[in-house]
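Got some structures for you, see below.
Here chain A shows up in two complexes: once beside chain B, once beside chain C.
Up next is the complex of A and B:
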């Protein structure tokens, strides 16, 4: 009986969803409302209004700047949730590899991973700094930083990587995204402009472009560092041993 | 719309997604999820969304996969 009810419910839901999808305007049609008003404006005047060659970055940081700022705050909330469940893990005691064993990788794979990670880090810096003019930006570059730390931890073991990004450093870096947004926003407010408009009043038009580029880069770097630190912290919290918990609780 | 490369990528997406869902060995499933995100990244590039492609490959392909690997080793390797 219950199964029949479930099947009926799911079929009704599916029919409703398919009906709704059928009512949507055809994909990619140039007459769609989304292609009529806002997209042409972004495409035509985005580079000039937002100051970014990459229109996606312009929408993220400038047109929808508040949205991105709140998104960064949500990232902090997610990290707080992870720490509430898993514990922050100031110290690491016990096994050093992800599978719980103490057996090291071979020299060949370790050297290969070190080479690979150095290029990943280089790529992430490039993605963050070029994010306003090329595909990429703070989120992708920061995730690449986190990915580099994770890959090296997988191959080299926890003991070799953890002291490079210690707890005290990560605790500061985890808030740089919001800090960068507030610093850039507040500079604007203090000097008489609006919050997060990336402008300073009383500056010539040529200097204004430089000011805007500098502010955008500051925000990108802040987001990138923060995303990298958050990803690393979540990973290290996941790697924490049960033994380490017990030792900490006893102490 | 349906170029040969597109069809190959779609088939690969289908296969990797199904394997990730139904394989009994959880480590294989996680690696298949990573492969899925790589193929998906190629799809995003073909759809002219390189920002999304970067995010997909880095966030899903590496970070989520590593989280899942850590979780698999903390719990058990096989599905019951």
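Up next is the complex of A and C:
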């Protein structure tokens, strides 16, 4: 009975939503309000105003930089929530594996994973650094870093991977995104402009473009490192409980 | 009506995905499945918003020096969804950690079973 009611309700919702969607202007039409309002301005003047060839990065870091800064803070808040619920996990050097077997992977697969992870890290560095002028950026590169650490944990085991990215290192890296925004933004205030203007005091107008590019890359690197560290820490925190139980049982 | 729906096929798919996610959230008693449903709803919203910024035959919003100017898709939804995806991953991690605590406390992630055990 409950199921029939739910199906009826969800079908009614779907019908309503699809009816509304049919009244929207056709997708991809250049006369659409979404493509008329502010997008042309971003596309035409983005490279000179925001200083980035990649206009998505320009919108993210410059036009709507405050928004991105707050979203990075939300990332920290979610991480704090995970730690509050699960605890950060103690500094331990265990050697157990994800499946709890205690048997190592074969040498072939371990070497293959180490090679794969090193290329993933290389890719993520490139994605972060090219983010201002080409497709890429801090969020994508940071996600790739997190994926690399996760693959390494799956194959090499929790203890060995955690040894490479220890707690003391991650605790610092988890705040680099907000720190980069704060430092760069405050330099903008000192030079007499608004917060997060990407300017340096006492620099000629020509050098200001180089300063802006450097500051954008600093913020990108901060975001990338932070997203990678947060993904790693969340993954380790979610793994922690079973591993801690196993170690206790073994002891 | 049908033509309008065919023009906006991406929107229709997004709405159907949203309803599938909503149904999963309200009907499944397993907490992990509820979280999966929430994630499907999030993805539907991302898909809808990115589709809104699409421009027919538009190129990626990246200016390459020396390249001829071409119509580009709207960069604003892309920039917003980019951050939203990362935020959704971290909030999903929070949901999962709460589900883990629930499991430690009740020995199950199924809400109905946990209710029965309590009675």
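One rule holds in what follows: the second predicted complex is superposed on the first by the 227 of 251 C-alpha atoms of A that agree within 3 Å, B and C clash if a C-alpha of one lies under 4 Å from a C-alpha of the other, contacts with A are read in each partner's own complex, and residues count from 1 in each chain.
Note that a contact is a pair of C-beta atoms (placed from the backbone, for glycine too) under 8 Å apart; a residue touches a chain by one contact, two chains touch by 3 or more.
Since this is a predicted model, take the numbers as computed values, not measurements.
Q: Tell me which partner A:82 touches in the superposition: chain B (first), chain C (second), both or neither.
A: second
Q: In this superposition, which partner touches a larger number of chain A residues, chain B or chain C?
A: In the superposed model, C touches more residues of chain A.
Q: What is the contact status of A:139 with respect to chain B (first) and chain C (second): first, second, both, or neither?
A: A:139 contacts both chain B and chain C.
Q: Counting only touches as set out at the top, which of chain B and chain C does A:6 meet: first, second, both, neither?
A: So A:6 only meets chain C here.
Q: Tell me which partner A:56 touches in the superposition: chain B (first), chain C (second), both or neither.
A: Both: A:56 reaches chain B and chain C.
Q: Looking at the overlay, what does A:234 touch: chain B (first), chain C (second), both, or neither?
A: Both chain B and chain C are touched by A:234.
Q: Which partner does A:150 reach: the first (chain B), the second (chain C), both, or neither?
A: first
Q: Take the contacts of chain A with chain B and those with chain C, and give the residues found in both.
A: 54, 56-57, 135, 137, 139-140, 143, 231, 234, 238
Q: Which stretch or stretches of chain A touch chain B in the complex?
A: Per the stated touch rule, the residues are 54, 56-57, 98-100, 127, 135-137, 139-140, 143-144, 146-147, 150-151, 154, 231, 234-235, 238-239.
Q: Given the complex with chain A, which residues does chain C contribute to the contact?
A: Against chain A, chain C makes touches at 1, 4-5, 7-12, 15-16, 18-19, 22-23, 26-27, 51-56, 58, 60-65, 71-72, 74-80, 82-87, 89-91, 93-94, 96-98, 100-101, 104.
Q: Considering the complex alone, what residue numbers of chain B touch chain A?
A: 50-51, 53-55, 58-59, 62-63, 66-67, 69-71, 73-74
Q: Which of the residues in chain A end up touching chain C in this complex?
A: Those residues of chain A that touch chain C are 2-3, 6-7, 10-11, 13-14, 17-18, 21-24, 26-30, 32, 34-35, 38-39, 42-43, 46-47, 53-60, 64, 67-68, 71, 74-75, 78-79, 81-82, 85-86, 133-135, 137, 139-140, 142-143, 227, 230-231, 234, 237-238, 241.
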